[in-house]
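Okay, so chain A shows up in both of these, paired with chain B first and chain C after.
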Partner chain A sequence: MAAISSGSTSQTDLTIKGTQAGLQRVGTLLVGPAILLVIAVNVLPAFVGFYSSLRRIFFFTDEGFVGLDNFVAIFSEASTYATIARSFVFTFGSLALAVPLALLVALAVRQLGRRGRLFLTMLLVPWAMSPIVVALLWKWILLPSPGGLLASTFIALGWSPVALLTDPSAAMPTIIVVGVWRNFAFAAIILTAGLGQIPNDLYKAAAVDGHSVWERFRRITLPLLAPSLLIVLCVLTISYFNEVQVIIGLTTGGPINATTTLAYQLYQTGFVELDQGRGNAIAVVMFLINLLLVIAYVRLLGGSKGDGK
Partner chain B sequence: MTRSHNPSRRDAVRTALTAAIALPFINTKVGAQALSGTVRVWSFLSPEGQTPREKVLKTLVDAFRARHPAVTITIEPQPFQELETRFVAAAAQRRAPDLVWMRDTFLGLVHDRQGLANLDEVLTPEFKARAIPDMYSVFVEKSVFGGFRTSLPLWPSPAQSIFYRKDALGEIGLEAPPLNWDAFVDAAGKLTKGNRLGFGLPSNDNSVASLLNILSGFGPDAFDKTTGRIDLSGPMAAEAAGVVRRLVSNGALSRTLLNTMGDDIQDQFAAGRFAMAQAFTPRFDQFKRIAAGYDAKHLAVSAWPSFGTRPASVLLGPYWTIGMSAASTNKPAAAAFLESLYSPEASMLWAKEAGIVPDRKSVMTDPWFQTPAASMIQVFVSLLGAPGALTFPQRLPDVTRIFPVLNKAQQELMGTDEAIPAILARARSTLGW
Partner chain C sequence: MNWRGRLQFALLIIPASVVVLGPILWALSTSLKPNDRIFAVPPRLIPDAPTLTHYARLIAEGVHWSFFNSALYAVTSVVAAVSIGAVAGYALVRFPVRFKPLVLVLFMAALAVPSYALLLPTQIIFVQLGLFDTRLALPILYATHIIPFAVWMTRAHFASVPIELEHAALVDGYSRAEAVWKVILPGAMPAIIAASTFGFLYSWNDYITATTMVDSPARRTLPVALIFFQGFHGRDWGALMAGVIIATLPPVTLFLIFRRHLIGGFSEGSVKG
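After this line comes the complex of A and B, so read on.
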């Protein structure tokens, strides 16, 4: 009986192991194509990009290995540092507007219920539009000529038209506003979902304890929203740091480089000047900066895990 | 989709011309029957488009199809600033089109990458004997690199010229812009009035730089004969830059209108923003059609002013050319279609429908060119033959960088008070010259 029992157990073990192995194979088969796709579409091009950054490639002709020359050339130009600084101004300027705005909208949506969700859907339209279409739309609005909507309105009101896209001091704030207009609703969706995860009981208990609205926001909402805020900050930072289509469509990096960010410099170097080796070197620099920013966010916000303790 | 359509006079003319284009080839039907397959063409024009040039291209494609039913012509529109790069990339991947529209300034780079066929090996002897000598040699010869004919120039015209409103100039007692920079700057300043600016210059294109057009007022000496470079630390560049500064100082150029492209200038000119503006000459008809802030009958075209007593400047480029892929698998049909674009009948169509100077000089004897409808073409032809007409060097160095770099310098000249030598020195340093 014992022998039978032992044999039965090992048989069962074998069956379980066989089933597990089979499930693993099925799992591998199911995930395999996706992994291959990610490798083909993301990983391999990244390696090719890094490899290309070490070569002199001009007008689609590979002229050979140049080591770190492309990077040296980038950092030898004084304008590169100003370009990096402008990237940070655009990125953090946009974040400084977009995140609070998204949070306000998310709070409003939570308060308004179904009407709030309809409101959020309407706000999402710019995010669903192609960035280049958004840029053209705003260009028509902001054109400084009598044909521009804003200029025409100003003239009708007896004011002088303003050159928001062509004045060096106004161009960067203008593209920040357009960038925020396009993206903040996406952040609002994530924050709305995050707010939905916070139990109402906590607010009720805090109200019973006599906490003000501001205290409830500071002690309950913000700590518990940290994971969502982390996602929003990471996604928007990468999005704004790499933003190029709105800049191409609105200002093409001008006037006088006032809106030339690293992303636009990459486009200009790689696709206009056709220096693809140096363009890839800029892409590698951008990747490293993005990586550092995300690591910084995770260290700053990731530790709280939203447990609110 | 079908739609009712009342044939207009233009449609009737187009139909008649299509028939006229097809007729001369009927006696070559035996040869025509040998052509078959598909010819892929990359152009910035779309056969579905509604601009005059797009309508003409469609008519020419239809006429070719009528003559060669076994040949399919596929026009694949591309962004005009990416035609050369896309072509080189496509050639490397063995998917290049049979024919491609290219700017003259890129020919050297594309030729060096061996993407183009030698047209002398594919064009018919008759075409080479009759058509090529009938074209403007200044354009034709620029496409030939050491005996290798890379392309054929299309639409001979002064590329960037000055469009002006006769009504605006009339306000200050002028019929046309002065052709000397000193006088031009004064006039442009006087033309600024209310929201209207005296002069409009694009300053953010990747293949056009107003500073080069101003520099062309020094004639061919503006370009180094050996290197093709301009001396950005020399007196000519400083004087050209000084012109921009003076135009800003007297209010002719806006201090804040800094990153406009040619299309922006076109739109704003239509809205009445400028009395004069730099414009792409083959778009003259388009400018007339979209005029809204002024009466289109007042639109006219001028050469560029010059420095000192030199003749008025006409910089013949960048302009369009058409080349054939070295890897084309249907060279006979591609060559036949290419030749059809340069037939005398096609030249007449480009002229009548799109207001473009005919590629074939001989058609200028047609009585139509003496009519008022052709008056602007006569002006363009006179500009082409002007003593100050010149092209860019065959190999313009750093052609992918020079225009953006000079445009940034122009923006700095317009929008800052920085010293001219410092701005030009920075541009020179950026180019590594």
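After this line comes the complex of A and C, so read on.
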């Protein structure tokens, strides 16, 4: 917001060089290309997506308006509910692992000072890697026969190798761990920055008052970190709910659909089976769930900021 | 640092580095082992007869062309996105722009919406426009996905350069463009580096956009080529791990060089909102 106000003071300063209307023309001209591209690539497809979800489109051939038929078809299939449930398991399972880890890392980074930066940099290396490449790497490590790092180690220890990616009950936890391994440290950047905003005096005062470490964490750190936690929750929820590359690379939705989330179903229906009307309907459903989740977070965490606790 | 601090640090960093760097080192080790050693039990981290045959095999299969495609798309996207985005960021700070609040909301919304959610309608549009499977498809999409980040990161930095500096340059007889080039741009350099690095990672690391927007082998990116390679030679783990290493080196090297700017860019952005 500071940027906007400084922008308006400079307008008056710079009017020496031209009229207000002339300046506005230049300003709009400079922002124009960025706006046009964002509208063309983000806004336009959103409308085309909604529009297509109401039509029957196969293999890029539009067969006409069908109303809500695509949505009815999606929700009359029992498997859809299981798919939505798996999306939530993947999203919240990943969050439950990533957020506490990121918080611990952020606390450690602040504690360690200059070395903390080194620690954070190291943890961020997987985040700099491609998700599909990460999937390929972990597929090799988890290969359930000699050669796979895990299996070879197990065999050497006299245990039998485990097939984490092809076992229906183990596949989901496994892809959650790999997904979190790749990007949880990104959340730690935001939480570290948030911790840096909390005045040290508060902790000193609390220490003088004889509050324990846990109490200081609960009474000072957590409430004052709420804005950063809100950002982290929103960013990670959207990122996990729409994660498809790790799933394509590791399990392709299997075994027996155990890792088929909505995001993967969209890939399968829209891009593989080329049922594009129905695929867009799935995308619309995903968009609505995304929106609801973000609204819920803002209500939950954004509201607590005003309590002054 | 006293011994307790050192011990604390060691207790943290040793297990963390095994978990984080271990898998990457294992890929490097596999990529250097001859085929008859790859499946050895117990596993050996240090290859005893290192070889570059797997890397040679990737080149024999033409995977290096996909590497060049990835590099070309990423560099083009970053140059376009950061110049367009930084100009927009500057104008939003220093010029009156019609519907400014709405414009800012547009960029923020574009930041929040995942590109995957819009991929299917984008594919339909690109097929209609004849952009599908062309060399323009990916740079257009990547650049536009990076622009909101570039605007968001540079705007804060342009705002922090005192307007007086710009005035002083104008008084000294510089033109507006010269003033921006000589005074303002150096001040915003950290943000420009942060946005460029992030943009490179974004474009280079993408798989899903590349696999759905480009079809011809000649225009494929590296991640797509690796997945195709896996489809044909699924058990050739040596070559696949060589692919993992060459796909990982450019983004991780850039990340390590510009880590301060990148981490700084995201932490400032999240704190200032």
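Throughout what follows, the second predicted complex is superposed on the first by the 275 of 309 C-alpha atoms of A that agree within 3 Å, B and C clash if a C-alpha of one lies under 4 Å from a C-alpha of the other, contacts with A are read in each partner's own complex, and residues count from 1 in each chain.
Just so we're on the same page, contacts are C-beta pairs under 8 Å (C-beta built on N, C-alpha and C of every residue); 3 or more make two chains touch, one makes a residue touch a chain.
None of the values given here were measured: they were computed from a predicted structure.
Asker: Count the residues of chain A touched by chain B and by chain C, then name the partner with the higher count.
Answerer: C
Asker: Regarding the shared-chain residue A:Asn242, is it in contact with chain B (first), chain C (second), both, or neither?
Answerer: Touch partner of A:Asn242: chain C, not chain B.
Asker: Could you tell me if A:Ile155 is touching chain B, chain C, both of them or neither one (first, second, both, neither)?
Answerer: The answer is both, since A:Ile155 touches chain B and chain C.
Asker: May I ask you to decide whether A:Gln268 touches chain B, chain C, both, or neither, giving the answer as first, second, both or neither?
Answerer: First partner only.
Asker: Name the contact category of A:Ile256: first (chain B only), second (chain C only), both, or neither.
Answerer: A:Ile256: touches chain B, not chain C.
Asker: Let me test your reading of the model: by the given contact rule, A:Ala98 touches which partner, first (chain B), second (chain C), both or neither?
Answerer: Touch status of A:Ala98: no partner.
Asker: Name the contact category of A:Leu124: first (chain B only), second (chain C only), both, or neither.
Answerer: second
Asker: Thinking of the overlay built on chain A, is A:Pro168 touched by chain B (first), by chain C (second), by both, or by neither?
Answerer: In the superposition, A:Pro168 contacts chain B only.
Asker: Quick check on the superposed pair: does A:Phe60 touch chain B, chain C, both, or neither? Answer first, second, both or neither.
Answerer: Both: A:Phe60 reaches chain B and chain C.
Asker: Can you list the residues of chain A that touch chain B in one structure and chain C in the other?
Answerer: The answer is residues 60, 143, 145-147, 155, 271 of chain A.
Asker: Looking at the complex, which residues from chain A come into contact with chain B?
Answerer: Within the complex, chain A touches chain B at residues 59-61, 143-147, 155, 161, 163, 165-168, 171, 251-257, 268, 271-275.
Asker: Within the complex, which stretch of chain B touches chain A?
Answerer: Those in contact with chain A are residues 81-82, 85, 88-89, 92, 109, 112-113, 195, 203-204, 206, 254, 256-261, 264, 267-268, 270-273, 292-293, 400-401, 404, 408, 411-412, 415-416.
Asker: How about chain A: which of its residues touch chain C in the complex?
Answerer: 1-4, 6-11, 13-14, 17, 20, 23-24, 26-28, 30-31, 33-35, 37-46, 48-49, 52, 57, 60, 108, 111-112, 115, 117-126, 128-133, 136-138, 140-141, 143, 145-147, 149, 152-153, 155-156, 181, 186, 189-190, 192-194, 196-197, 227-228, 231, 234, 238-239, 242, 244-245, 248-249, 263, 266-267, 270-271, 276, 279-280, 283, 286-287, 290, 294
Asker: So in the complex, the part of chain C that touches chain A is made up of which residues?
Answerer: Touching chain A from chain C are residues 1, 5, 8-9, 12-13, 16-17, 19-21, 23-24, 26-27, 30, 38-43, 84-85, 87-88, 90-98, 100-101, 103-104, 106-107, 109-110, 112-114, 116-125, 127, 140-141, 143-145, 147-148, 151, 155-156, 158-159, 163, 167, 170, 176, 201, 204-208, 212, 223, 226-227, 230, 237, 240-241, 243-244, 247-248, 251-252, 254-256, 259, 263, 266-268, 270-273.
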